[in-house]
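Following are the structures in question.
One chain, chain A, appears in both complexes that follow, with chain B as partner in the first and chain C in the second.
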Partner chain A sequence: MSDFQQQALTLAAEQRSPEWLAELRARGADVWSAAAWPTRKTEQWKYTPLLALQNDNPARWPSTDSCAWQQAIDPIELDATRLVFVNGHFCPEHSSELPAGVVRFAEADAGQRELIARHLGTVIDTSRHLFGALSDAWTADGILLHVPRGQVLDKPVYILNVATPEAQPAASNQRVLVVLEDNSQAELIEHYVSGSEQQNLFVNSHTEVIVGNNAQIQHYRINLEQEDLLHVGGVHVDLHRDARFLGFTLAQGSRLKRIDYHVNHRGEGAHLGLNGVYLPRNKQLIDYHTNVEHRVPHCTTDEVFRGIIGDSAKAVFNGRIHIHPHAQKTLAELSNRNLLTSPTAEINTKPELEIYADDVRCAHGATIAQLDETSVFYLQSRGVTRAEAVRMLSFGFINELLNQVPEQAIQDYLRPRLTALFGQQGGELGQMSYD
Partner chain B sequence: MTQEVENLIKKDYAAGFHTAIESDTLPPGLNEDVVRFISAKKEEPEWMLEWRLKAYRAWLEMKEPTWAEVQYPEIDFQAISYYSAPKSMADRPQSLDEVDPELLATYEKLGIPLHEQEMLAGVAVDAVFDSVSVVTTFRAKLEEAGVIFCPISEAVRRFPELVKKYLGTVVPQKDNYYAALNSAVFSDGSFVYIPKGVRCPMELSTYFRINEMNTGQFERTLIIADEGSHVSYLEGCTAPQRDENQLHAAVVELIALDNAQIKYSTVQNWYPGDAEGKGGIYNFVTKRGVAHTNAKISWTQVETGSAVTWKYPSCILKGDNSVGEFYSVALTNNFQQADTGTKMIHLGKNTRSTIVAKGISAGRSNSSYRGLVRINPGAEGARNYTQCDSLLIGDRCGAHTFPYIESKNPSAVIEHEATTSKVSDDQLFLCQQRGLDAEKAVSMIVNGFCREVFKELPMEFAVEAGKLLEVSLEGSVG
Partner chain C sequence: MLSIKGLHAKVEEKDILKGLDIEINPGEVHAIMGPNGSGKSTLGNVLAGRPGYEATAGSVVFKGQDLLELDTEERAREGIFLAFQYPVEIPGVSNMEFLKVSVDAKRKHAGLPELSAVEFMKLARETSKRVDLDASFLKRGVNEGFSGGEKKRNEIMQMMLLEPDLCILDETDSGLDIDALQVVADGVNSMRDGKRSFIVVTHYQRLLDYIVPDYVHVLAGGRIVKSGNKDLALELEAKGYGWLENGEG
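Presenting the complex of A and B:
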């Protein structure tokens, strides 16, 4: 067992947790302590060293129990049920009143406890997701979003996770469980954000989503924590008959971000639509691993990830589509496109197809390139400066996905931020490869 | 399924027969003495023995790789005999008339044009029957051009400085488990040297044949194309039918110096095992080439045989403007497993690589494409295009794609595309409606699917390859 694994168990022992979560925690701790620590030889972590985590050694829970934050952090402006956490600590003063069906584990009533106990930990495959096991071991609190049969949640649920500076390296855990019963519908926004100061935080965040027959979830995961924060997280989804998971994810900033999407098609006619954007800069590393398990026939997957990698940043993308035997009539498509904008940037991409059924249509594509020289020239010929042209085209590359985001408030929140981001990058881009 | 198709499925491997020729075979087992014995048998100089022993010692400390998408029972390396030579080797035949008639008959059955090859398309054949090259033809004509084409054991004796300079420079002894094993016990193989500015006057060809019971075959091929030269090399093989699994671990090293071109084509049709997945060859091959400035290396392969294939012909694009190509068709049927692909390592500026890989799975087989495209920081303006398509025939087979793409240079352009589908019902229907039976139609569609690769093959091979696919697919449509 590595030092960090040991340390994490000590941390788990320090937590106060309700008795009814004990079994899950024990199970998680067992898997966690038995697992081999990932190295470069571990396929899932081949390009993503966890050295930073070992070195930082977050050996305590956050000391913050105030809900104040120093720097200006704007939440997304939308009419939603809002839950705010600061370094994992729940802040009722910033949060809305919770409607029926949204509850913190700590305040769950007997019926809800039973529901949580029945579903929590059933979607995460901890043998594949080591940090999912850690999340089990660390779960003392969390959020349940439960929509009963045939109901539509009238407002989106917006979970804002703010990271603020810690004096000593600390760890925080976030766990979300979504249970959508048959024919129900909901929208969930998970937003991770911080100021630009030194946070000293390791965040382990996992979301489990169970989508019942003919139910639908619109899911967002926006990871915008800035420098010096380590984030490992995952979204684990079970889709039943004709269920739909429509997801959008964006990651930018921080030393290490590793996000897994693991989707199981368990009922016929299920659909996954997932768009993702990653924009690492400086010395950041962003790693997206997606894994879609087509276990039954007649399901569809449509996945698009795009990235722009600048400075000395590194991005990793691994998109696996696994078609099980008998999962006939599957349609699955995956596209991954990357722009490298600096001589020291790096991208490692691996779209994988594993197919055991014959009557399927599966395709994946991956490209790595720069901006199209003729497009830049065209804009220049119309009087746009080179730097501005590069900025426009880079933003356009991402904007295609942003335009597809159904929630207008999220578009409005992200668009100026991304424009600003490319604005800073534009000059450097222009100099780099076009002069 | 019609009776006819039923019969076709049950048809035995056409090239499956075993020639009874007495051979000089080492008892099974591997230790330093075996390495010394092989080296002595080949009358090798001291440095070669040292080289082999170094590889053997490295091999002892290595572990068998398990990352490939293939399953097979554990190989007992001590149960394999590491040397076998046809007996009539002692009095080496001076001409074809002196060659063991039974050997000739074997070639006859395989259709190797040893008898009429002087007439045939200017192909020189260096036939490896088990571990020793028996006869080499067209030597004189090649020597006239200054081309050296001989068994590697002979090259070690006759051209030690060339062998010493290049052997193991592309695939080092410790490169991987099977390469280390091969380096220690390689029995024979081909050596080619094309001098500066020479265009090899004919296509060079080697037919391999595994014949001796329980004998691993460990060829070593070294091809050096000196500056500005050009060579096309053909490799093809079949093996007789038997139940025990046979191990084959070859190493091929290509060196294309400045402005040189090497084209390496393979048609592999080793015994794939019977319909129950019993028997068949294990094929663990390391093939790699280095391309210097403006050089070009092109791999073309048609893989239809072997129970297990583990093969990644690779290009290290070391020099500026060098080009690497990989064209592959891998067909698996019954219980065959193939994990194959390529590596393109871009080091030089403006290096270009093209990968076209076609996988066809039928029966209960599994075929995987596993590839790496790596653009190093210095590879300014590098370009890669990858296309891998899989065709599935039947619902119990699998097709997988594992492309690794790593780029550290912003001016590089990389494209990767992969699709998987089955033979479309519409196409099948159209063909059938025009009077073709299902089997013919599938065979035609598959041939079309592979056309991009076949057109890269030399003429004779292209014909053979098309035939081979047809035979290998027999009985998979019903």
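Presenting the complex of A and C:
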């Protein structure tokens, strides 16, 4: 067992409430302690060393008095039910009144506890997701989003996870459970953000989503975090008959950021649409692993990830689509395109199709490129400087995906921030209407 | 306006232009015709400063300056405009943003203030009407999913917005049907003001029925082998290029 595994168990032992989650924690701790610690030879972690985590070896939970609101943190302007957590601690003073169906585990009533106990931990495959087991072992609080049969949540649920500096390396755990019953619909935004100071924080965040028959979720996971922050997380989804998961994710920051999407097509006619953007710079490392299990016929997957890797940053994209023997008539597409803007930037991309059915249509592709010189010349021939042309083209490369984000407030939030990231002025026109 | 003397240029180590001379005064329209591979497109790209198109000898003086000493974007700001034979598609960069950045760069260079977003949008909409492009094209990605004719009209729209002193049309007529050709030609003709000059590079005489040139030059083997007035174009249409190339050899 590695030092960090040992340390994490000590932290797990400090989580004593609520009592009714003790069994989940014990189960998680068992899997965690029995698991082999990933090394360079572990396929799933081949390009993503956990050294930074081992070196920091966080030995404490964040201090409880860190619930101070920082001016630097500006949330997405959105008419939503907002829940704010600072270093894992819930901050009621910055959060909305919670509607029926949205509750913290700590405050769940008997019926909600029963629902949580029945579903929590059932979507994460802890044999594949080591840090999912850690999440089980560490879970004391969390959020339940439950939409009953046939209902449509009238406002999006916006979970804002703020990181603030800790004096010594600390660990924080985030857990979300979404249960959408048949024919229901919801929108969930998970937003991780931090100021620019050194954070000293390791975040382990896992979300489980159960989408019932013909139900739909629009899901966002936005990670805009400081360089030194360590983050491992996962979104684990079960899609039942005709269910739809429409997702968008964006990641920036962190010395070590690993995000897994694991989606199970369990009912016929289910659909996954997932777009992702990663923008590591400096010495950041961002790793997206997606795994889609087509277990039944007639399901569709449409997955597009794009990355711009600059400076000496490193990115990993591993997109696996596994089509089981009975999953006939599957339609699956996976595209991953990467732009390297520096000679020392690195991308490791691997689309992985495993097809065991014979009547399916699947396409996948991965590209790595520098900027198209003809496009640079085209812009320069109109009077734009080379530097400005490079910025416009880099932003344009991801702006295509940004333009497809259905929630306008998120587009409006991200566009100027990403524009600033590429050092471009304005974004003024992008926000104006052309009518 | 533009004086080219003994210009030699190479593309990827291959000599394409081999001593080209041409003199263009303000307000003139010069058509450059010639067989495939004669160096027609190379000329436009060398003048615009495309990387990989290297002038190896000779001189190009534009408005009294040594053009070859200027960077690509400086040439544009000084008033050179190349309408591309194959305009580039740039998804994710909106046409409107691209146009505004270009126009602002040119205005700044001329010591003028940048246009406000509202002023610019008004101007862009008016201009798009002049080339019969729906305003919805302004918010799409640059040339993204445009038809051949739409791309060429977008080029002309950029030309109108940037108000260059020297417009180089690189086979702008290729692949256009007669209606699109008419729109493009009307756009160009509307910009003829007695001061602005044009180099119209074309493979087909047809365009010159719509944009009537002052001079026609035949480019073959990297040099101008014959010059004349618009009647030369008709002669070429009737006889082809063979008689000139043979005479050359």
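Just a few scattered comments:
By our rule, the second predicted complex is superposed on the first by the 418 of 435 C-alpha atoms of A that agree within 3 Å, B and C clash if a C-alpha of one lies under 4 Å from a C-alpha of the other, contacts with A are read in each partner's own complex, and residues count from 1 in each chain.
Simple rule for what comes next: a residue touches a chain if its C-beta (ideal position, glycine included) is under 8 Å from a C-beta of that chain, and two chains touch if they have at least 3 such contacts.
Please read all numbers here as calculations on a predicted model, not as lab measurements.
Under the clash rule set out above, the superposition-derived model of chain A with chain B and chain C shows the two partners fitting side by side.
Contacts of A:378 after superposition: chain C is touched, whereas chain B is not reached. When the two complexes are overlaid on their common chain A, residue A:392 makes contact with chain C while staying clear of chain B. Among chain B and chain C, the chain that touches a larger number of residues in chain A is B.
In the superposition on chain A, A:328 contacts chain B only, with no contact to chain C. In the superposed model, A:400 lies in contact with chain C only, and not with chain B. After overlaying the two complexes on the shared chain, residue contacts for A:348 are found with chain B alone; chain C is out of touch. Legend: residue contacts after superposition of the two complexes on their common chain; A:35 is shown touching neither chain B nor chain C.
With the two structures overlaid on their shared chain A, chain B and chain C come no closer than 15 Å at the level of C-alpha atoms.
In the superposition on chain A, the residues of chain A contacted by chain B and by chain C overlap at 432. In the complex of the two chains, the chain B residues touching chain A come out as 67, 375, 377, 390, 392-422. Note for the complex: chain C touches chain A at residues 48-51, 71-73, 75-77, 81-82, 84, 87-88, 90-94, 96-98, 100-102, 105-106, 109, 117, 120-121, 135-136, 138-139, 141, 158, 162. Against chain B, in their complex, chain A makes its touches with residues 43, 47, 325-326, 328, 338, 340-370, 432-433.
Against chain C, in their complex, chain A makes its touches with residues 372-375, 377-386, 388, 392-393, 395-400, 403, 428-430, 432, 434.
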